[in-house]
Amino acid sequence: MKYLSIDSSSRRLLLLGVNEDKTMGVTLHNVGRHGTYLAPAVKDLLEYLQMSVKELDFIGCGIGPGSLTGLRVGISTVKGLAYPFDIPVISFCSLDLLAYNNYLSSAVVMRRGREGYYYWRKYRFEGYKPVPVEEPGFDSVDKLKSGILTKNEVLIFENEQEKEQFEGYDSLIALPPSPEIMKQIIVKAFEAGETIDVRELKPYYLQKSVAELNWERKHGKST
Amino acid sequence: MKYLSIDSSSRRLLLLGVNEDKTMGVTLHNVGRHGTYLAPAVKDLLEYLQMSVKELDFIGCGIGPGSLTGLRVGISTVKGLAYPFDIPVISFCSLDLLAYNNYLSSAVVMRRGREGYYYWRKYRFEGYKPVPVEEPGFDSVDKLKSGILTKNEVLIFENEQEKEQFEGYDSLIALPPSPEIMKQIIVKAFEAGETIDVRELKPYYLQKSVAELNWERKHGKST
Amino acid sequence: MERSDKTFYELGGMNEKAVRHLAFEIAKRLEGGEILLLKGDLGTGKTTFVKALAEGLRIDPDDVRSPTFTIVNTYVGRNLTLLHADLYRLSDPSEVLELDLLGLLGPETVLAVEWPELLAGFIGKNALKIELEYEDEKTRRLKLSGSYKWIERMVKDFFKKERQTKEVK
Amino acid sequence: MERSDKTFYELGGMNEKAVRHLAFEIAKRLEGGEILLLKGDLGTGKTTFVKALAEGLRIDPDDVRSPTFTIVNTYVGRNLTLLHADLYRLSDPSEVLELDLLGLLGPETVLAVEWPELLAGFIGKNALKIELEYEDEKTRRLKLSGSYKWIERMVKDFFKKERQTKEVK
Amino acid sequence: MRVLAIESSCDETAVAIVEDGKLLSSVLSSQVNIHRKYGGVVPEIAARKHLENILFLLDEALDRASLKIDDIDVFAATQGPGLVGSLLVGLSLAKGLSISLNKPFVAVNHLIGHIYANFLSFPDLEYPFLVLLVSGGHTEILLAEDWNNFKRIGKTRDDAAGEAFDKVARLLGLGYPGGPEVELAARNGNPIYRFPRALNEKGNFDFSFSGLKTSVLYFLKNNPEARIEDVAAAFQEAVIDSLLTKTFAAAKTYGINKIVFAGGVAANTRLRERANEIAKEKDINIYFPPIEFCTDNAAMIAMVAYEKAKRGIFSPIDTNAIPYLSIVSL
Amino acid sequence: MRVLAIESSCDETAVAIVEDGKLLSSVLSSQVNIHRKYGGVVPEIAARKHLENILFLLDEALDRASLKIDDIDVFAATQGPGLVGSLLVGLSLAKGLSISLNKPFVAVNHLIGHIYANFLSFPDLEYPFLVLLVSGGHTEILLAEDWNNFKRIGKTRDDAAGEAFDKVARLLGLGYPGGPEVELAARNGNPIYRFPRALNEKGNFDFSFSGLKTSVLYFLKNNPEARIEDVAAAFQEAVIDSLLTKTFAAAKTYGINKIVFAGGVAANTRLRERANEIAKEKDINIYFPPIEFCTDNAAMIAMVAYEKAKRGIFSPIDTNAIPYLSIVSL
């Protein structure tokens, strides 16, 4: 199988390329803006693996939630790669990357969206593999603390700063996601036949509904 | 801090570059021979991170045990990189990469050296961090089974095939080592002041003593 | 005057020079990451304010233009980059979110927003709100509120320089 | 003849043509990953054997030379690569280990070793050992042993082609 | 040589294909009804939904040009100026296509695009020429000396002319977009009042229209009896006077005898009248292009890209969006 | 232009520095006593311990040339043929230095190195010339037509000549290395026997020496009374006759009037005698270089690298070792 996959939802840019038994993974953390680094990294990856986009069986793409600007670069690049050859796409929730390689029974991955608001997703575990319990959400710290989060679940954060607002909860800092983890997610999805057409590829846009609710409440306007 | 690190002891070539807060990690698994891919990957890594060898605080280098040919490429390349600027070197045991991210109390990392013989190293764990108990060894499967391995220790293998000869033992397949793991190992060593001069850099050569013992036994020759 | 846990200052009788002066003082205290919300009717001087703010960041004020149609203008200053947004043409919050303004704000970026009403729900406490009102064709009343620690100091320094102002706390 | 769990064949009265024929037969059955150990005194024909083996792998036998000084020669055949080693100049096992011969052996590589005594401790059961002895200046006695499943078949086929041979099992 | 260009700097998502300098197709999200390939549902085309619009527009542009994506030799996109998130969609898509089909990539300056748009209307237009680019978002006097040599002679220091029309229209209680509304009202009025012309010193080619907002506002306050139509006419006169005086002065200073008027405000009849009058006096040739090439589009981007590509000038694949890109050489 | 080259294809680790074609220093692990930088302990210099030897040799070579590593403009190493593990040490080191100092890298063919070694001894030697490279590991007739144009005219099909000397010496009960021992014995004997000259058809420039092993062995068996010295002399005569007949025939066929004899066997006095005799008859110039440039060394590698580098021919950084590299163009 030959495939490519990227995740550009955070400052950690992940790239994976597989050409049959050859695998190449690249992680660029804080190296620069995705608008600068993603395309050359994809090009170099294909060169090292000596494969062309035409031969790919599918392309994997993280769709957030996370940095909208980063996701635009990633998703639009994947659209450009896939479009000429109608290559199937596997989209995945970027938060899933953070859930891997933890030995827990249930957990919630947390990623700060903006001041006082977090993206979150709940998981249970089959052995060591995380299985999402529901779609990711986006809520205020207050709302999370007063109902969404339970004391059974371990909170998984990407770094210490994002953990600060949740003193008193069982929490841990996620292992930095690796291209290998991305590989597990997309291969599993591909084998389950979960490909989509590249035209359907779009990011999670969870902040919207919250914003709209707030707006309507304020302005009595229907969306 | 700026540094570079590589491990070329197996078919999985690991590269890491850090330029202050920028980190880049590259994994090349089965992509080709290290003699072809290591140098370009190092060069590209430095380019992406916009740093020159001259600025490096140290260079990390895995010294096996593992593939002698692979180790030669890695170690000799590091010698060439470090020599002009007398850059300190951090050498580390490549087996340590496989011990990370396991939640155990004691374990033995196993890597097949040749038919019927394994490299091995024992670890205890401080929290989740593996701490080597002794220097790595090299012994026959028989010798390992009749005294070296105990039933308390979990055996860690790189893949299913290498595990086959140890039915009946508690074992697991290691997480594919990532550049991030290499980072933890070398930063810890650097902070503990464990640098060496590049002239001292050499691979583990564990097969030798075993071979010599066998030879002497056969030929009554003193080495 | 409404009391809150935020500081709150009202500066009346401000002619254009005074308005620009205030913006300049504020610019000197910016370190990066700050948000300024400029609220006011058409022509009250929001863009004029941002021009002077930019000048304080060593940006040529003639390069600072009304972002009504461009929505966000970016100016690179000596130490900081200024993002100058204008939400006049936007009609709902999702349009604002799509701009990813907060995602673009970094430790070396400052954000100034004209017509900031749509942004209200998204900004936490950390922002400087400046309301501009007409007193007459050439004079404005400015109301400052926000939780940045330097606001009080800045207003005091400003008073030392200006004469036609009244402080109400 | 010594019985063991390995197959064991002895072929006497082999002239050079017969020796080369046998090597050729063996070459046809190689799939990659096999090791051949060629043991014999000076001039018994180990290199001659490997030349014919190479020819069976579609390598020009004139390109196959004595590796006594080069230690390992590599020849690229049509489907397989032949590593031809000669440990004559080596004096202890650590020198052999440094060659990393087993590390270079891959699924599409075959290894033939002259003067293989130093390698003995490192090869598992999977190898074909060929011992060459002088009968006279032009004739050799070959002793084959090894656990490759195809050895028996190969010897049988070989007998069909050669007449001056005796099989002892 | 076929160039496909993508424009996504602000409100518009646009794709166009140019072959050897000739326009084969040009599609815009604001003008096209796109039917989704599967299901036949028409997706909502909303401003700035570039990520959602882009592949449909790609389909449309190729379809109308009767081409397949691998018939394209060069992929181009706007690098700036504009909204960084919007720019990145077009740039990233172009880069993706470039990598996928192993074809070169070209990044284009949006402002130079507006200059090149004139070649779509006037293919034989020769350098040098002056451009007054006047719309909602732009008010600039640009000098096109050469295929690769542009200068910004003058620009607005605050509001664009079109923006001024829109905001004054609001103050006058007229609808949106303000330009045509104000023009209509002005036609039924007389410029009996005089609003200030800012920056009217000799040799100053910059503009300033923000003062007009306050002037009009307070004028209305102080003169509640004034007819809206007359105020509109007076305002319009002030803007046009400013625009044309400076533009023709620039033509004289730089020795140019061709002026191209571009942008939404160039649709204004009064501006065209006055421009014609002055042009006759000064013996200067003036051009007014069709509106479709004055507003943001991808055809103009493709034209610039074509000029670069035919000279072998391509862009590296690590070219990032520059939201504050100004007019420099190509 | 200063070129530093590393040779590590088999038994020897060597480093040399050449400046504009002139040799500044040349060090070999087999010849140098290296004192460890720290502690002053002399490490064991053993054959094929390239990884252990290499940096000390680098230090020595630079020291003897009075240079620092950043005075070097080009880094070169042997690409092949040889032992892959050994080659990789030199190649990887050169690449590392190249990346570290941002200098170009050149990979060199070892066999062409042996040809170029002659320029170290005979700087004014002009193309074309023939080389008989005859040592323990090589027995070839090479034609050097041009700086970049080489041909292998003939080669051994089994054992090298030097190897033959060593093995026959063992059969005769003489010491190692066999060459000098056999020569010594031969001087006290007479070639009263005749051993076969293999491949002696006209126009055949290939050699074969393996038959001599069995011939000598069985001769000794069947003639236990034969004097060792006479057998040695007869053997030596067979080898030399083979070498010289073919070499001079090749010179005639290819119209060359210069023959360079290189390699350990070229030290043989009887070979030199005979070569001189034949050369006089045939009016051909023959050259015998000093032994140090005939055996493996890095100076010859540096000379080749210099020729390439001065023409701007460098090697990509992904150049791998090729253990079976044969003689092709540079």
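Order as written gives the chain letters A, B, C, D, E and F; numbering starts at 1 within each chain.
Please note the rule applied: contacts are C-beta pairs under 8 Å (C-beta built on N, C-alpha and C of every residue); 3 or more make two chains touch, one makes a residue touch a chain.
Here the structure is a predicted model, which means the values were calculated and not measured.
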If you take the chains that touch chain B and keep only those that also touch chain C, what is left? A
Please give the intersection of the contact partners of chain D with those of chain F. B
Steps in the shortest chain-to-chain touch route ending at chain E and beginning at chain D: 3
Of all chains present, which has the mean Cα position farthest from that of chain E? D
Find the geometric centre of each of chain A and chain B from their Cα atoms only, then give the gap between the two centres in Å, rounded to an integer. 31
Measure off the straight-line distance from the CA centroid of chain C to the CA centroid of chain D, and report it in whole Å. 86
Expressed in whole Å, how far the mean CA point of chain E lies from that of chain F is 74
How big is the gap, in whole Å, between where the Cα atoms of chain A centre and where those of chain C centre? 35
Spell out, as numbers or ranges, the residues of chain C touching 2 or more other chains. 98, 100, 104
So which stretches of chain E touch two or more other chains? 84-85
Quick check on chain A: which residues sit in contact with 2+ other chains? 37, 40, 68-69
Counting only chain pairs that touch, give me the topology of the graph as line, ring, star, complete or other. other
If you go through all the chains, which pairs of them touch? A-B, A-C, A-E, B-D, B-F, C-E, D-F
For the chain E and chain C complex, residues of the former touching the latter: 10, 48-49, 81-85, 135-137, 155-160, 162-163, 166-167, 170-171, 206, 210, 213-215, 217-218, 323-324
For the chain D and chain F complex, residues of the former touching the latter: 42-43, 47-48, 51, 61-62, 65-66, 68-76, 95, 98-100, 104, 134, 136-137
Contact residues on chain A for chain B in the complex? 21-32, 37, 40-41, 44, 48-49, 101, 103, 175-176, 178-180
Within the complex, chain A is touched by chain C residues 92-94, 96-98, 100, 102-104, 118, 121-124, 126
Residue ranges of chain A touching chain C (in the complex, touch as defined): 67-70, 114-116, 205, 207-208, 211-212, 214-215, 218, 221, 223
